[in-house]
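What follows is a pair of complexes built around subunit A, which joins subunit B in one and subunit C in the other.
And now, the complex of A and B:
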């Protein structure tokens, strides 16, 4: 009897010359995202079986305020060596992990977040001053 | 046998600092290498902190993530209440569930964790205080117990128990171990040589019922060795001497019996 693998474990057919892509594939349910980091043909939709799963990413922080990412670096290196394309979200994760250089989009997000924080702070201060002036 | 090792040192290994990533996210990112065939202690586990620092995770986080991705049977992500709540732990000790405590500690903790060493040392002290050595004898925890007692120079209770149960060979092995660890036993080298002679012989758990001439030879050497130990190092001299005297009388009777039997069978 052969073992029946779930589609995420990589039962998709692999065409040697077709372009591959390493991307996040959503596996959670409604309002609860959970991603697999998988290799799949670049022109295939995410709903099809993947060639290989390389890891997982849980974007919802756990009770210790941590987001967990698992990566099979050995297989990742193999697929990168085969010339697989890495999508932006995966590139960002790999940058944060110290495997790639930090993705430019990560810097942009960080910078924007800091800017919003500053603006919010300024707004709050202005409100406080107004309150103080009226009372 | 669970190994007795030093307490682990905290991991404080900053891989890179990147202040430009500050406030990228409100949560930490933990990255685990799940490459096939890497042992848990060698697995790469890093975290990206809120201020953009990339560092290796400390032992508690490593243990948790290893348990998340490669679960170990019986180990819990949250520490069991019997270890965290003093009341429950004490109740177990009072009910003398030493083996249960130690077995569970073996599964739940790594041997170089501070919590493991704290729990085991409390348990060993309780065993030593209440003279319950027999509850741990013939389990995998007896070796670490003996090592702990000798390491902390409190092996006299165990020695007394061994002498009272009349297994003088174990007493010599204990003396030899003390000499190997502390080197403070007079004529300890003789004890070690004797211990090497004893170790290949079958383990004794109670008083022997029949003995050979070779046994008599070894045991008389053992008695001499233990006598020397009692004179030079023992902290409970009178009790030890009394126990040894009792053993000696018993043993003389046994020798007489076996020799008489042999004579009666016409072998002598």
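And now, the complex of A and C:
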């Protein structure tokens, strides 16, 4: 018997005064992440039915080296107007989409990646020089 | 808790996955090998920290503005929806409704025409089919009557040679006067060889007769 997962289309109870959160909900399987961008009560676990699905995010690059994101901006605006909290990963995605300002974490990952790349390059250079010196 | 049948037939998911339980239960103690382990804290340089703080402050400010904007937008939209019950909008709505009704009537008329045509075609087809069936039935009945009358005629023809109580004596006399002898041989070409070389009385009877005489 397969595991019965709640439908992603949004059958969750929506309490008007409860705090909402727009977050990524993992829907993939082992070694294959796939996320839904959903509205859900902020204190609810991700396993429960969501209030509404706003989009999806596939973090694994496809054959064209693209990570696909789908977003329903109209509903996103509505829920933002309702005062929904946006989690960091979703904020990063929206920043890259141009809907929000770029998230500080995006900048941080970028400069850290650049730093590691620089270090790797320097290391390789040093190794090459050493090789040239010995030979 | 569950009935045996339900478990055997798997009507209830027995292994219900509880998501978001990725760690061991709260009541389990720290593993022996990890008791004196002190997690290493990430080292963030002062410059980076300052830069991150600045970025986050900016981000939060901008986000607050964006959220305020969308909230105002929603409020405005709600207000415009509420004001939609004014006289002007009501008149517009009524006009729209009338136009819709007109269009709907037009479509309905067209559909009714089509339906009438289709009905006519269907009725014609049905009539044709029924007539064909009736004709076929008639034909079959006629054929059966023909067959039966043919048989009756044949039987009548045959009944002339039947032996009735009146003609019984004459028939017996005729049979006695004209005995038929089937004791003949026949060759491949169909030639009959009449005559009898063996005694007519079967050998068993002869034996019985001899025994009686003795």
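To be clear about the criterion, the second predicted complex is superposed on the first by the 129 of 135 C-alpha atoms of A that agree within 3 Å, B and C clash if a C-alpha of one lies under 4 Å from a C-alpha of the other, contacts with A are read in each partner's own complex, and residues count from 1 in each chain.
Following the convention adopted for this analysis, a residue touches a chain if its C-beta (ideal position, glycine included) is under 8 Å from a C-beta of that chain, and two chains touch if they have at least 3 such contacts.
All values reported here derive from a predicted model rather than from experimental measurement.
Asks: For A:117, decide between first (touching subunit B), second (touching subunit C), both and neither.
Replies: In the superposed model, A:117 contacts subunit B only, not subunit C.
Asks: Please work out whether A:61 is in contact with subunit B alone, subunit C alone, both, or neither, and reply first, second, both or neither.
Replies: Once the two structures are laid over each other on A, A:61 reaches subunit B alone.
Asks: After lining up the shared chain so the two structures overlap, which partner does A:78 touch, if you call subunit B first and subunit C second: first, second, both or neither?
Replies: A:78 contacts subunit C only, not subunit B.
Asks: In the overlay, answer first, second, both or neither for which of subunit B and subunit C A:32 touches.
Replies: Neither: A:32 stays clear of subunit B and subunit C.
Asks: After lining up the shared chain so the two structures overlap, which partner does A:46 touch, if you call subunit B first and subunit C second: first, second, both or neither?
Replies: second
Asks: One more residue to check, A:70. First (subunit B), second (subunit C), both or neither?
Replies: Touch status of A:70: first partner only.
Asks: A:107 contacts which: subunit B (first), subunit C (second), both, neither?
Replies: Both partners, subunit B and subunit C.
Asks: Under the contact rule defined above, give the subunit A residues that sit at the interface with subunit B and also at the interface with subunit C.
Replies: In subunit A, residues 107 are touched by subunit B and also by subunit C.
Asks: Would you pull the subunit B residues touching subunit A in the complex into a rising list?
Replies: So the residues of subunit B in touch with subunit A come to 15-16, 18, 20-36, 44, 46-48, 52, 54, 65, 68-69.
Asks: Hey, which residues of subunit A end up touching subunit B in the complex?
Replies: Against subunit B, subunit A makes touches at 55, 61, 65-75, 93, 96-98, 102, 106-107, 109-111, 113-114, 117.
Asks: Note which residues of subunit C are touching subunit A in the complex, please.
Replies: 10, 13-20, 48, 52, 55-56, 58-59, 62-63, 66-67, 70-71, 73-75
Asks: Considering only the defined contacts, which subunit A positions touch subunit C in the complex?
Replies: 1-4, 45-47, 77-78, 80-83, 86, 91, 100-101, 103-104, 107-108
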